[in-house]
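Heads up, the next two complexes both have chain A, just with different partners, chain B and then chain C.
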Partner chain A sequence: MRGRRTVVSALTILAITSVTACSAGSLGSSEDTDGATKITMLTDADEGSQSDAKAMVAAFQKANPGVVVDVQAKPSGTDGDNLIKTRLQTGTMTDVFTYGSGSLFQQIAPANNLAALTGDAAVAKVDEAYLPQVSVGSDVYGVPWGNAFAGGVMYNKKVFEQLNLQVPKSWSEFLATADKIKAAKIAPVIQTYGETWTSQLFVLGDFHNVAAAAPQWAADYTANKAKYATTPAALAGFEHLQEVHDKGLMNSDFASAKVPDGLRLLASGKGAMYPILSGVLPQLEQVAPDNVDDIGFFALPGPDAATNGLTAWFPNGVYIPKSTSGPKLEAAKKFLGFVASPAGCEVMAASNKPTGPFMVQGCSLPADVPQVTKDIQTYFDEKKQSPALEFLSPVKGPNLEQLCVEVGSGISKADKAAALYDQDVKKQAQQLGLEGW
Partner chain B sequence: MNRALTRWGLGGLAILSSIVVFLVPFAFIVTTAVMDSRQAGEFTLAWPRQFQFVENLTTVLQTRDYLLVIAFINSTVLTVVSVTALVILGAMVAFVLQRRKSRLTGLANFLVLTGLIMPPAVVPTIWVMQKLGLFGGMPGLILIEITYGLSFTVLLFRAFLATVPRELDEAAIIDGAGPLRLFFRVVLPLLRPVTVTIIVVQSVNIFNDFTNPLYFAPGDQNATVQLTLFNFQSQNLTSYNLLFMDILLITIPPLIMYLLFNRQIVAGMTSGAVKG
Partner chain C sequence: MKRLSPYPNWFYLPGAIIYAVLFLVPTLLSFYFSLTRWTIFDSEFIGLDNFVQFFSEPALVKGFVNTFIYAVVTSGAKVVLGMALGLLLTSQIVGRGYLRAVVFFPVLVSTVGVGLTFQVLMNPERGAINAALGLFGFDGPGWLTDPSLALLSVALVDVWKGVGLATVIYMAGIVSIPAEYREAAKMDGAGPWAAFRKVILPLSWPATSTVVTLSLIGGLRSFDLIWAMTKGGPGFTSDVIASVIYKQYQAGFYGLSTAGNVVLFVAVTAVVVPLTRFLASKEVNA
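After this line comes the complex of A and B, so read on.
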């Protein structure tokens, strides 16, 4: 008898727990939609992205009472990329989602997986400079989410003032400036290889200069006609990195420092210039809230002061997958239209401090943005900017950051790293099925 | 004198190294978890300048509408149900495979081994689950965890069953026990040491699983605790104090399990391993 009781109790435990398993999940989601169209949205899980999305959704729902948007989260980085591809492939994507533009966007096979928005009211106000980043052929698939940012050098204005220095506009000026800073016992160039992606700035952030020297380079590069190792203008980025290392211009803990360490060095005036993406601004505000306005921004200088300009990164896009249809598709398009409107920009600007200009017509930056953003805006206003290579060419090898760390640490030489990177790129280009590889 | 010195010296060294390997990282988690965001960003092992235990705890709990609470419920349900089913199913399969040898035994053993060898592919699995209507929910995820854990469980049980004398089964059968009664009343209690091992190992595995919940049960309503870690990190801004508070909260359940079952785990491991 007791034996049967054990079996029965084991089975009841199983049954009870599996029933609770079904109901446990529904604890958080609100079901009171009252016949409104409910769409789901996927964006990064971190606090900043979530609060942006929530603020946007709140403003949108106020303007469109018939639609309810449920914000969901995904991890950032490689896990998130894989998740997006998996969900698109299996037709289980949310109705709206944010993802990278440019070459990242090309990698999710937009023509197969995304709903085209060409000619739709949703994309009417998108800046023309941004459209190629979310288009395949003549079809447009997305609208910008947030603002553009830039790759260049964050510098400590107080240090520059004390040493009576000017913003360098050519590479030789940059080296001269660095020497003077070094003489004052301040680390001239900050590098943070504890987070390897930061090592690529000298190469990726130098692209404006490459484009200035060889306007067709990006197209030739995609077609396998131009190489980093054989184009002097492109090789310059690697050479600059090697020069900075060889001349001992880096902070002493460059090998292990992380971005917050680099920003702390910069804000405290123990380091003067930090080549980085302006997207790290929120982190600067967290690390050194009192010194944010001491920090300015200038573009990585090239050979010629006359062509000095900024390498710009475009914001992520918001897309609709093909699996969304009917009233949900209409609602999703309405949402995208709201995101790409001056009202949407205002929500974004209020939710977090912009790190660069918006890519929507009729949007302007609020007056109280940090100095870095103002400096970047100046480059955009003067039209002295060009998009980064990753927006012009889908070709980007996975190992650039490791190669740059090697050059910056003095393990490898510039020409060798550039040649290795050209090989690295080859595999990826073949995977994408590009012509000429 | 010299020998005593060597002995004490070696013992001390062992204690010291285990402190460095196990306690220092834990101390790092605990101290970072109670720091303010500014000091946590420095990412060093230091005494917190400002204790923010309660603030950090409430922030972490409240993030994204108390997602962590839902995640804890989900993770508990997932772990308890999957492990219960794993133990019962695994023991049953192992019992039959071990006791009733037939021509199919070799094939069955091979299939169990394939479960260990073959890497599970995500996209085809999702297709199958969609066809069965199991995708995107807790029941589907539980089945996934059971499937992925079953091979290992069967292997452990089978190895241990070889050490249980056949005479015990025979005596029970002579006394009139049916197959179910024989299994639940005689065999399962004898498997206690290895059952504890499996419970602990698989609970920790499933509780700490990240990729399966991520791919097979998307959506906030299915979130498990490991997925909440991404609420606090991104490329441009990571709140280390909140991240480590979350880690601390998540570490506690497996830690308690290890403390409670420590002795049985070791006993079960060795008894299952020596004889085969």
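After this line comes the complex of A and C, so read on.
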């Protein structure tokens, strides 16, 4: 008797869980309520992304009373990539979603999965420089979400003033600066391998210097003709990381620290230089609101001070999946048009201090942006910037962060890691069906 | 002669359909897809390229070695500790019921929850474990950040979490040994150590073989705890086969990761089938 009861209760549990699983899966089928078209939107789960999305939706709904947008959350990083791909594949994607532009965008098979917006009013105001990042052939699929940002070094200006240091323009100056900071018992270079993606900055943020030394490199790299391990300018990023480790220039808790820990270290003046994406600026405002203007930004220096410049990242895109149709599609396009308009830029600028220029015509930065943004804008104004490799080539291997962690932790050496990364990208190139691999 | 079945054929149909749809078809499909390069929508047949690629994966050798280290360390520790705790908890100890419940409790907790908790406890600078060691004047290591320690730290947590199950199996094994054997051994003048070696140990062999098989299979395909605690890091130093496969899947190399799963399936079978045969042959009749 007892056995049977267990079976029955097990079945009940199974039934309950499968019912809830169903209702979670059928997100796209919510019916129109009181005449308004209801659409869903998916964006990153972190606080900054959620508040951006909610502010944008609130302003949009005010301007378009007939549409209701429901904001949902997804994990960031590779877990989130997987969720996006799976939901696109199964036709259960939300009506609007944010996702990377450039090489990440190419990986979700846009022509098969996304609604084309070519010629639509929604993309009319998008900056020309941005369009290739969300296009396949001549078809456009998205609009920019937020502003451009940069990969480089956040530094503590107060520490630099106290020690009478200048912003380094070449790698040898960078090392000399780091030595002086170390002599003052301050951690010169902050690394945070508790979040592995942060380890890649020395390589990815160095791309302006690679492009300066070899302008054709990105195209050769895509065509399987140039390699990290065999191009000295490209290998330099890995070597710099190894040098920083070998010379003992890192903070002592580099192996477990996360981004907020690194930012706290930087803001408190216990660390001086943090190679990172400027996109973490909102996090800096959260962990150290009083010190935001002590922090400045400079580009990762290369061999030559004369070609010093910034590696820039384009903003994520907002896309509509093919599975969205009818009134929902119209509402979604209306939403994208609002995002890519001066009104949309204003909402973004108010919700979140911009970390670089907007990619929408008619948008300008507000006057009260933080020092980091001003420093980045200077590079843009002086045209001393070039896009990161992931916007010039679809080839990006998944294991770069682990390989960089190994070099930065002293587990592996620069040349070995670069050679392994060259093997790693081969899989990606084959998966994308590129020619020459 | 026609074999008589107590049920008509249609009686087996529901089970057969569920089995075919949920197990048989996906298994066969996975063998096919392991031979293709497939993206979100289409697949291209590429023969054995995925297997060639999988075996040339630099992280793979490390993953294989780590998988076996992890499986052997966790199942070895579970056998020894499970046996010791089993003996303790079948003795006339005060609060036996409570202690039995407590040792089983970690088995019931979510693995990911345990992993995240220990990730915080094992933080080298701010974790409770190193803070406690600091009170006694020890400088605690970077449990999860030291490349030579990370895998063993995860294995340690796995043992803590899983030893309850081994203990329960041993308790059942020890309790089922008839008291006459121990009494007879006592009559023959066997001390406690001899009684344990000559009576308890051989007669609880079924329990040992169950524990070894279960924990070895668990160890070979272990993933959740490692992923929650280190994600295979730092670098690739605590990667196991399952985490290598998962990372390939995450990167969108679906064909490659399917090939990896086929390899894992073959590897687990190749270890476990001979092992269960061997363990069964060592069984003695009580």
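Remarks
Throughout what follows, the second predicted complex is superposed on the first by the 404 of 437 C-alpha atoms of A that agree within 3 Å, B and C clash if a C-alpha of one lies under 4 Å from a C-alpha of the other, contacts with A are read in each partner's own complex, and residues count from 1 in each chain.
Just so it is clear, a residue touches a chain if its C-beta (ideal position, glycine included) is under 8 Å from a C-beta of that chain, and two chains touch if they have at least 3 such contacts.
Nothing here was measured: the structure is a model prediction, and the numbers come from that model.
Contacts of A:405 after superposition on the shared chain: chain C is touched, whereas chain B is not. Contacts of A:264 after superposition on the shared chain: chain B is touched, whereas chain C is not. In the superposition on chain A, contact of A:423 is made with chain C only, not with chain B. After overlaying the two complexes on the shared chain, residue contacts for A:79 are found with chain B and with chain C alike. When both complexes are overlaid on chain A, the residue A:46 reaches chain B alone and has no touch with chain C. Looking at the superposed arrangement, the partner reaching more residues of chain A, out of chain B and chain C, is B.
Of the two partner chains placed by the overlay, only chain C lies in contact with A:113; chain B stays clear of it.
Of the two partner chains, chain B is the only one that A:286 touches; chain C does not reach it. Shared-chain residue A:89: touches chain B and chain C both. When both complexes are aligned on chain A by C-alpha atoms, chain A residues 79, 82, 89 touch chain B in the first and chain C in the second. Within the complex formed with chain A, the chain C residues making contact are 37, 39-41, 44, 53, 56, 58-59, 123-125, 142, 144-147, 231-237, 247-253, 256. For chain A in complex with chain B, the touching residues are 2-4, 6-7, 10, 13-14, 17-18, 20-22, 24-29, 44-50, 72-77, 79, 82-83, 86-87, 89-92, 197, 258, 260-261, 264, 277, 279-283, 286-287. Residues 78-79, 81-82, 85, 88-89, 107-109, 112-113, 193, 196, 252-253, 255-256, 398-399, 402-403, 405-406, 409, 411-412, 420, 423, 427-428, 430-431, 433 of chain A are the ones touching chain C in the complex.
Chain B contributes residues 37-38, 41-43, 63-67, 69-70, 73-74, 77-78, 80-81, 84-85, 88, 122-123, 126-127, 130, 135-139, 142, 177, 180-181, 184-185, 211, 214-215, 218-222, 227, 230-239 to its touches with chain A in the complex.
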